[in-house]
Structures are given as C-alpha cells and as structure tokens.
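Next come two complexes, and both contain chain A; in the first it sits with chain B, in the second with chain C.
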Partner chain A sequence: MAEWVRRSASRGGLWRALAGNGRVVFGGIVALVLVVVAVAAPVLAPHDPLRQDLLDSLLPPLWAGGDPRYLLGTDGLGRDIFSRLIFGARIALTVAVIAASLAALLGTLLGLMAGYFGRWVDTIISRLVDIWMAFPPVLLSIVLVAVIGAGLQAVIIAIVIVDWTRFCRVVRAEVLVQREQDYVTSAVTIGLSRWRILLGEILPNLVPVLLVLLTLEMGIAVIVEAILSFVGLSLSSDFPTWGGLIQEGRQYVYQSWWIMGLPVACIIVVVLGFNALGDGLRMVLDPVMRR
Partner chain B sequence: MRAVLDIDDLHLRIGRMPVLRGVDLTVEAGQVHGLVGESGAGKTMVGRAVLGILPSAARITDGHVTFAGIDLINLPAASRRGLLGRRMSMIPQDPMTALNPVYRIGRQLTDVLRHSLGLGRQAARQRALELLEQVRIAEPGRVLRQYPHELSGGMRQRVLIASAFACGPEFIIADEPTTALDVTVQREILRLIRKLQQDKGTAILFVTHDLGVVAKICDRVSVIHSGRIVESGTASQLFAVPQHPYTKALFAATPRYDRPGNRLVPVPRQLTLRLLEDAAAYDQRRRMLRHA
Partner chain C sequence: MSGSYFLRRLLLAVPTLFGVAVIVFVLLRVVPGDPIAMMIPPGAGADDIENLRRVYGLDQPMLVQFTRWLSDVARGDFGVSINLRQDVGRLVLSRLPASLELAVVATALAVLSGGLLAIAGVYWRGRWPEAVVDGLTGLTLAIPDFLWGLVFILVLGVLLPVLPISGRLDPRQAIAFSSQFYLAESLLRGEFRVLGMLFTHLVLPAAALALPLMAVIARMLKTSLSEAMTQDYVLVARVKGFTRGRIILREALRNAMIPTVTLTGVQFTFLVGGTVLVERIFSYPGIGNMAIGAVISRDLPLIQGLILTFAALFIAINLLVDLTTVMLNPRVRHG
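Take a look at the complex of A and B:
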C-alpha cells in the first residue's frame, strides 16, 4: 500500500507499471473504445438504429457480399446492425458504470460499517449478506425486474440490489485488517471521531481494492443487462440493446448467424476487457499492497 | 507533588482471563514514570486502559483511573475524544506502521493541530514546521511533503513524537517507543523525549521491558508482574537497592555495559512459578469474595 503511493507519487512509476501489464493495456483499450463509441454513437452510426427498411432485410455483412451501405448487414426488419450495435454500446456502458458505481457505494458503505463498528452492526450486515448469497444472482435479478417493472432503471436497481454483497464482503474483510493497524490507533489517540477515522483514514487505504472490484463488477453488470434484455425485461424490444439483439437474432440464427453472433462477440470482448482490466489492476496493485 | 494520573486497584480481564490484578500507580506532574515488566505482564494493557483503546475482548472489572481529577473509566466516548490529543497523547511502539501510508507527513501533523487546537491551515503548517525543528529534523519543509515510507524508522518516530507533543499535553503514554529502533537511534530518541518532556513539563508513563532505557530516562519506576505492581520507587532507589526478589532477578538478567564480563542470570523458574501461583491464588480469593 505504501508502495502504491510511492509509485504513484514518484515519477509516475505506477503508470509505467500499469502500462507494462498486458491485461491492463488490453482492458484499458477495450474500455476506452467502448466509451468513445458510446459517447459518439450518433456521429459514428451510419444509420438510424430504429429505421426499418423491409426491402433490405436480412442483408449479409459486407465481407459476405452484402450491400456497401450496410457494413454488418441488416436484421429481419431491415435495420442496420452496425448502427444498432453502436447504440447498444450506450446502454451497456450506462448500465456498467452506473450500476457498478452504485453497487460499490452501497456495498462499501455497509462493508465499512460492518468491519469497523463490529458487534451488532456487523452481525446484521453479515447475516444479510449470507441470506443474499443464498439466492442465485441471475434469478434474483430477473425476479426483481419482474417486480419493479421493466426498463433501464429497473435493470440498474436490480444489479445494485443483487451485487452490493460483492463489495460488502471484501471491504469488510479489508477493514478488519486495516483497523488493527497502528495508524488507526494513532488516529484514535489524537481524538478523531469514529466516522472520521473510517472515512478519512481507513477508506483511502482501500482504494486499490475498490478499483479492482469496480472494474470486475462493470463486466458483470454488462452480462446481467444482456441477460435481462434477452428475456425481455430491459428496455422495450425495438431499442437496440445487445441482449435484445441476441434475442432477435436467435430466430434467424440458421439463415443469418451474424445477427446473433455479432452482439455476442461485442459482449464477450467488453466483458473480457473489463475482467482483464480488473485482473491486471489486481496484479499491479496487489503484491505491493500486501507487502 | 501533584498527581496527573492515578490508577487505583485496576482490574482488567481479556475474555475470562485476568490480565491486571489490582494495579496501583501514580504518575506525578512533570515526571517520567517507568513501567517495567516482561512480555505478558500487562504493562501495555495499563497504557491502553488509560487511553481507552483496549482490545474489544478486554473488560475493566474493577478499580479507578483518574486523570487530572477526571474519572476516565466512566467517561463518555465524546468527552474522552476531547481529552485525547489535547491533554493526553501517545507515542506508539512501532513507527513503521503508526503513520497512515496514504497521507503526507504534513497532512498528518497539521490534522492533529487543526483538529485539536482548531488552528487554520497556515498556522497549523507553521506550527508543524516548528514541531519538526524541535524534534531535530533537518529539513522540516521537505519532510512535510514526504510520505511515511520515504522516511527511516528513526525519522518516523521523531515525527510521531512531534505529533504526541503537538498540542502541549500534560501527559503522554510512551509504549516501548524505542523497541523497534536500532540501538544507536534509540539513544537519540530517548534523549529527545527526555529533553522535550523537561522543557514542557510533561508527565510520561514510559512502558518498557528494558531496564537500560529506564535508567536513562525515568524519575520513578514501577515493576509489574502477572498484572500486579511488585515494586515501586524512585529510579535511583530502585537501582541502588531493589527490594523485591523479582526486581533483583530482572537486574541480574540485564546486560550492563559498565560491568562487562558479568554473567547474566535468567529470572529463576521457581520465582516465576511462585509469582504465578500467587496470582492464581489471588484470582481465587477474588472469585470467592464475589460469590460470597
């Protein structure tokens, strides 16, 4: 941990360590591309993702001899797949960022409290986590969305409600380690309040762990959103989400496999990227943290 | 002499195990009071009980701790926080871990000053510079901008000493402040603590297992074994004519650079056993009294 600060403080050594890690670079590039595509979607997309053209339906991608106007072909209603994928990235990124951040916020707060205050606070929160983990996560989120009602907000809420435990468990364990450190005792002996010690002294020492968890969670959020779209519980079906595209493409999979194959590929690359980023960050930050 | 800290018949247990068995100890204003004992004697717990930083399994079962007329044991947490830092502070044992690794020295020192004395940013920085000069840190301006890991153990301990003296407390608990340091650095740190203590008239409870350290710095000494003070007196008295057999045994087990060639005698096993038996018998008497 001290090492982590030293590296980041002295001559950008941390950046060099990150740049030297293949997973971080790969994951970073994927994340960067995703952000650019999502933000610039209206500029990048050659067509309106919702515009149908039944005369041009089920065109193959360009490399399979398709129409040059439709780079990756069209779906059963003649909508441009390339544009739909680009707009789908917006949903994926929105869900990944917002859901993962909110889950991190909730889980971290509860984990901090459980780890530092102990006693009945810890008992309540930890038992809650145990109960939570007894439910299969995907099933729980499907049930939740079904109850809350479909839509982007519902998807985000479902992911937060299901996944805060990931943060809570790890943060609690890490706080248990940190609170025994002498610097915490020192903080107590200068008369700082418990919340101030928790947020001002302990929390900054958890930043590397949280960073790793957050990136991994973003990958998970993308998958969960795709699953919920696939079962039709996310946005209305004409709006292009990757999960929705897979679901639509399923009907044509024997004639036009790319309609389903392309969004699957997008999800795989993005999730792989987030996971690689998280793993890479852990590799770079962890050994020095556990010094 | 006015007593700053008065510990009276302090009993403490961790879980079901008695750790302190009626500790009596008085620290007088402006004096350094050594608390000497072997590992497990309970010396650290005395300090922690005073500061209110006991491990969660520890319970004070009996006795009083009074600081400047304030009953520390029944003090609400908020009032205790008001005392800590301002009127009472601590020099920790291990300087390597006692500073928060993510903050610069300056931030950590000024935090103490701003929080306890309510100084402004500029005033706190100015005061921090003075404090670092007082603990004889060469380039205080540079050290303020450094992170803890950029400093040596001795330097960090100086910073922590500066922090302990920062708000001009009446009383400091030093829990083996030199144990984690090299012997050469130890000497300087001891001198530094002694000098600051004398300049400011601070009282110190100096917890250690090292009689050599006690000889250098303490005015009075209490020897603790199995949770009880076995002997107490002025340092010169105790060093000249130790009364209790355990104190004598401790001296016989301490290497003396002024008497090279002396054989070191470990504390005799029978003596340790007898003290432990005494302690066990004491526990039993207390149990019977409670149930009677």
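Take a look at the complex of A and C:
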C-alpha cells in the first residue's frame, strides 16, 4: 500500500481529513453541483437551449423586470440564457474530465519514463518539454484547433497536446526523488522488472501529486474551452458553450451586460472551485504541506 | 565561467528555436486542413487552386518547402502574408512595439503591487491586513488573465463606464507618431495629454495581465521576507532600535529578493503569452491580436512568423532570467 494511504489512515481517516478542510468542501460542492447540473441538464433546463424566438430577443433577467418565462433573460436570437448556461455546464464538464485525464495520462507516462529510464529517453523528453515551453500555450491551442478543425474533439486534443508538459515536468521531478528511496532499491534487489517497479511501486506514491494536478488541470481545461469558444474556434453556436455565450455577449455588452456577465460568473465559480479542491487536496494529502 | 556558461545557454537556444520552427511548420501542413481552401473565392476552378499553390510554393514536397522557408528565415525574410499581402517581418515589427509596451506596463504594475502587498503582509503580520493580502493573492492567482479582462470590461467599462475597453487610442483623435512606441514617445516628448489617453486605454488590459503575476510575486516575496525576518541580522537591527518598517525595507528586502526575481522572470513568459488573448479581448493592436486574426484567416506565413517571434521572445526571456539569477546569487556564481 502506498505510503500516503497508510499515513492518512493512521491519522483518523482520510475522509475525515478531507471533510475537515474548508477548501476541499467548497471545491467538492462546486464540482458536485457541476456534475449534477451537467447530468440533469435536460430536466433542469426550462427551455430548449437552441430554440430561437426573435420576438423575445434580448429580454432582461427577471430581477431587471424581464419576462417570467425567462429567468435570466434571452440572447440576441431570443434563446433562453438560463437553459444555455445549464447545457453549457455539460460541455464544460465533458472537456474538463476527458481532456484533463488524457493530458494526465500522456504527461505521466512520459514523465515516468524520463525520470526512471534517464539517459537518452530523458534527454529526448526533456528537450521536447523545453521546446513546448517556448510556445505561448494559448496561441498553440488556437493554432491546433484551427488546424484540426473546430469541434469538441479538436478542443480536447488541443488541451492534451498543450498541457501534457504540466504533468510530465512534475512527475519526472518526483520520480527522480522516489527512485533513490529504499523501497525502490529493494524492489530492484528482488528482481522486479523496470516497468513493474515504475507502475507498481513508484506510481502509487505519485497519486497525491497527480490528483492535485488533475484537479487543477480540470479548471484550466474549462478556461481553455471557454477561450477557444470565445475566439470562435470551439463549437458552432448550436452547442451552447460558456465561451460562446461570452463571445455573443461581448457584442451586446452595452445593451445587455448580463449575457456576458453570467457565463463569466459561471466560469469563475467553477475555476475557483477546482482550484480550491486542488489546494485543499494538496494540504490533506501532501505530507510536506501538512506539517 | 560565466562567459562559457552564457555561450552554452545561447547555443542551446538554437536547437530549441529550430525545434519550434519544425513543429510549427509540420503542424500547419501535415494535419488535415488546407490553407488554400480557406482563401479561394467561391466558384474558383481547379486551375486557380493549382495556381495559388504554386505561388505560395505549396505544391513542392514538404522538405523542399521547409528548407526554402528556413533559409529565407535565416536571412530575415519571413515571407509575405497571404491575407494582408505585406511582408511578414515588417508586419510583425509594426505591431511588436504595442505589445511590448503593454507587457512592460503590466509587469511594472505587477512588480509594484505585488511588492507592496508582500511588504504590507509582513509588516502587519498576524493582523487583519495579512489576511486581506493572503485572500487577495489566493483569488488573483486562481483566476487567469482572460477572465480578469472580461471582468474589467464588465465592471469598469460597462457597469461603471470609467475607462475605454478597446483599442490603443481614441479613434476620434488623430495624433501623429514617428515610431510605434506611442507610450515611450509621448513620454519623451512630454505630451502628457496624449500620455494620459494612452494610459487610460492601456490600464485595463495591463491590469488583467498583471493580476496573476502580482499574486505570484506577492506570495513568493512574502514567504522570503517572513523567513528573512527570523534571521540574526534582523534581530541585530531590532536590538539597535530600528523601526519595523525600516528593517523590512532596508535589511530584509534586499536578501529576500533573489527568489522573487527568478520567479518573476519565469512568470513573465506567461504574461507575454497572455497578451495574445488579452489583446484580442480589448481589441488592442499588438502581435497577439494579430496572431489570432492570422489563425482565423489561416494566413500560414504570418502564423509561422508570429509564433517564431513569440518563441524567440520566450527563449530570450528565459536566458535573461538565468543570467540574472547567476549574477544575483553568489552561490551559483562561484559554483
């Protein structure tokens, strides 16, 4: 069993430690709400997010004296903003989970190899990371999506290709520390294969770090998706994305600021949530931070 | 030693830049998607498409295209923009000053406010101002420049319309400049009315870029300052009866600065990368905004030229940071 699991268990339970951390609780609630809204979007949304009604365009939200049928008002084509925000959560969550997991997978694999195998494997992977660091990440993802062609898949691929280095760098550095530990030496002595040591012995000890990075990456993925929709490269406006709403709202910002304001608020809450969750997990799981 | 170190670092930058060039070039050509397809008017025949391909050399094998482009770039010729029909090198140079001014003002804002926050947090340690500083850095660190830009547009541009939210200058005023460095030029000429106008346009995008960097600086400097405050020389200064403010500013700050300088340099590349979107959001005429436009219109030569420019900037910044660290830190210098 990995060191961190035992240590946490010995201190009165991992779950209690997590529940006692305010950041974990806040972030967890935000994540939970996001999941529920995304899954139950068809039930929660009062309108079809795509249905246009030009007679009811640019209606203000209810608090500003709007039509009671449209809680948060309508956009320039008379589509219900509340429903579009709810369905936007679906896309945000999909991108966050899939893109962050794939980036973690690729980055971790390369980081493990670079850190443990050393020599030319490390040289090649580290040079690659150096080259990646010389690109402005936002520009790179925009170029990638433009090249691959708009769409959810392209957004996910772009995030993975741009952000795998975040995992690779940290994992490589961690492996360099771990491989000098006694348990690795013992594993080598009893004749375990290199991959077995990497995946069976070292990797479990990296779980806390990876969990923290993964959570933070989900927040980043939500932002990148919004950025790409904002630039107009993600999905067509048939798919209600938060970034797309922001871009539409930018045009009407002087007449109806809330069209841009509401999705910005959604993204900020989600990003703060994932950040708090990541920070909180780090505090609970990382023995150095906990001291 | 520092001479050979510098040379080694400089030489290492060459393969990195070459790697960037290769990746950009291959990326833009191998992956499905035809750059020519975007620029042909509806109704163009197959001949027209072939002609266009020949004009831009896209009918040649990739290796030929690449060596030709690379040798042109090495001679300072970045090709001609497909969309704007102008020399790419000249286009980039005409927009670069606007971006540099934005980045410099943003960095200055970040260093100044981050430094002040850190000093305030240490000065009032354990009291409410420290909690405010910590809360502020946590919040500004979590939200990226893109979102700050949008929040500023909403709050200071629309809800309380106090500042302009687009462009570099008021389009209704025609002001002649002899260079592209508007800010520096009006400062040198002492034209403070123009300077003020430039600044009101610059302050929101610069602040959006500055906030995340400010948080990083504040957090790092506060940690190092707190650590420095426990050192013996601070105790000596206290025994001598110096005030707390003087001890922080005169004794602790000097020693606590090195890690912050290093980190600021590293983070500065993020700020430069952030200009791409922030310029777009605020319709600011720099190379970032131009880059997004080039991507949307699939202007291959322009995209390549701009990405190389960004990469060269990033590598140069990293090199400078490394050298500054070496010069500031005696342990590394003599190591």
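By our rule, the second predicted complex is superposed on the first by the 278 of 291 C-alpha atoms of A that agree within 3 Å, B and C clash if a C-alpha of one lies under 4 Å from a C-alpha of the other, contacts with A are read in each partner's own complex, and residues count from 1 in each chain.
As a working rule, a contact is a pair of C-beta atoms (placed from the backbone, for glycine too) under 8 Å apart; a residue touches a chain by one contact, two chains touch by 3 or more.
Owing to the predicted nature of the structure, the values given are computational and were not obtained by experimental measurement.
Visitor: May I ask you to decide whether A:Ile227 touches chain B, chain C, both, or neither, giving the answer as first, second, both or neither?
Guide: In the superposed model, A:Ile227 contacts chain C only, not chain B.
Visitor: Of the partners chain B and chain C, which touch A:Ile148 in the superposed model: first, second, both, neither?
Guide: second
Visitor: Identify the partner contact of A:Ser186: answer first if only chain B is touched, second if only chain C is, both if each is, neither if none is.
Guide: first
Visitor: If you stack the two complexes on chain A, which partner ends up touching A:Ala17: first (chain B), second (chain C), both, or neither?
Guide: neither
Visitor: Quick check on the superposed pair: does A:Pro137 touch chain B, chain C, both, or neither? Answer first, second, both or neither.
Guide: second
Visitor: Looking only at contacts as defined up top, I'd like to know whether chain B or chain C touches more of chain A.
Guide: For chain A, the partner with the higher number of touched residues is C.
Visitor: Return first, second, both or neither, reflecting whether A:Leu272 touches chain B, chain C, both chains, or no partner chain.
Guide: Only chain C is touched by A:Leu272; chain B is not.
Visitor: Per the contact definition in the header, classify A:Val253: touching chain B only (first), chain C only (second), both, or neither.
Guide: second
Visitor: One more residue to check, A:Val264. First (chain B), second (chain C), both or neither?
Guide: The answer is second: A:Val264 touches chain C but not chain B.
Visitor: Thinking of the overlay built on chain A, is A:Val121 touched by chain B (first), by chain C (second), by both, or by neither?
Guide: Neither: A:Val121 stays clear of chain B and chain C.
Visitor: Please write out, lowest number first, the residues of chain A touched by both chain B and chain C across the two complexes.
Guide: Of chain A, no residue contacts chain B in one complex and chain C in the other.
Visitor: Quick check on the complex: what are the chain B residues that touch chain A?
Guide: Its residues touching chain A are 51, 53, 56, 80-86, 89-90, 92-94, 97-103, 111-112, 115-116, 147-150, 160, 163.
Visitor: Of all residues in chain C, which touch chain A in the complex?
Guide: 15-17, 19-20, 23-24, 27-28, 31-33, 139, 141-144, 146-147, 150-151, 153-154, 157-159, 269, 272-274, 276-277, 280, 288, 291-292, 295-296, 298, 303, 306-307, 310-311, 314-315, 318
Visitor: Could you list, by residue number, the parts of chain A that touch chain B in their complex?
Guide: My answer: residues 1-3, 5-6, 9, 118, 181-183, 185-193, 201, 204-205, 207.
Visitor: Contact residues on chain A for chain C in the complex?
Guide: 127-128, 130-131, 133-140, 142-144, 146-149, 219, 223, 226-227, 230-233, 246, 250, 253-254, 257, 260-261, 264, 267-268, 271-272, 275-276
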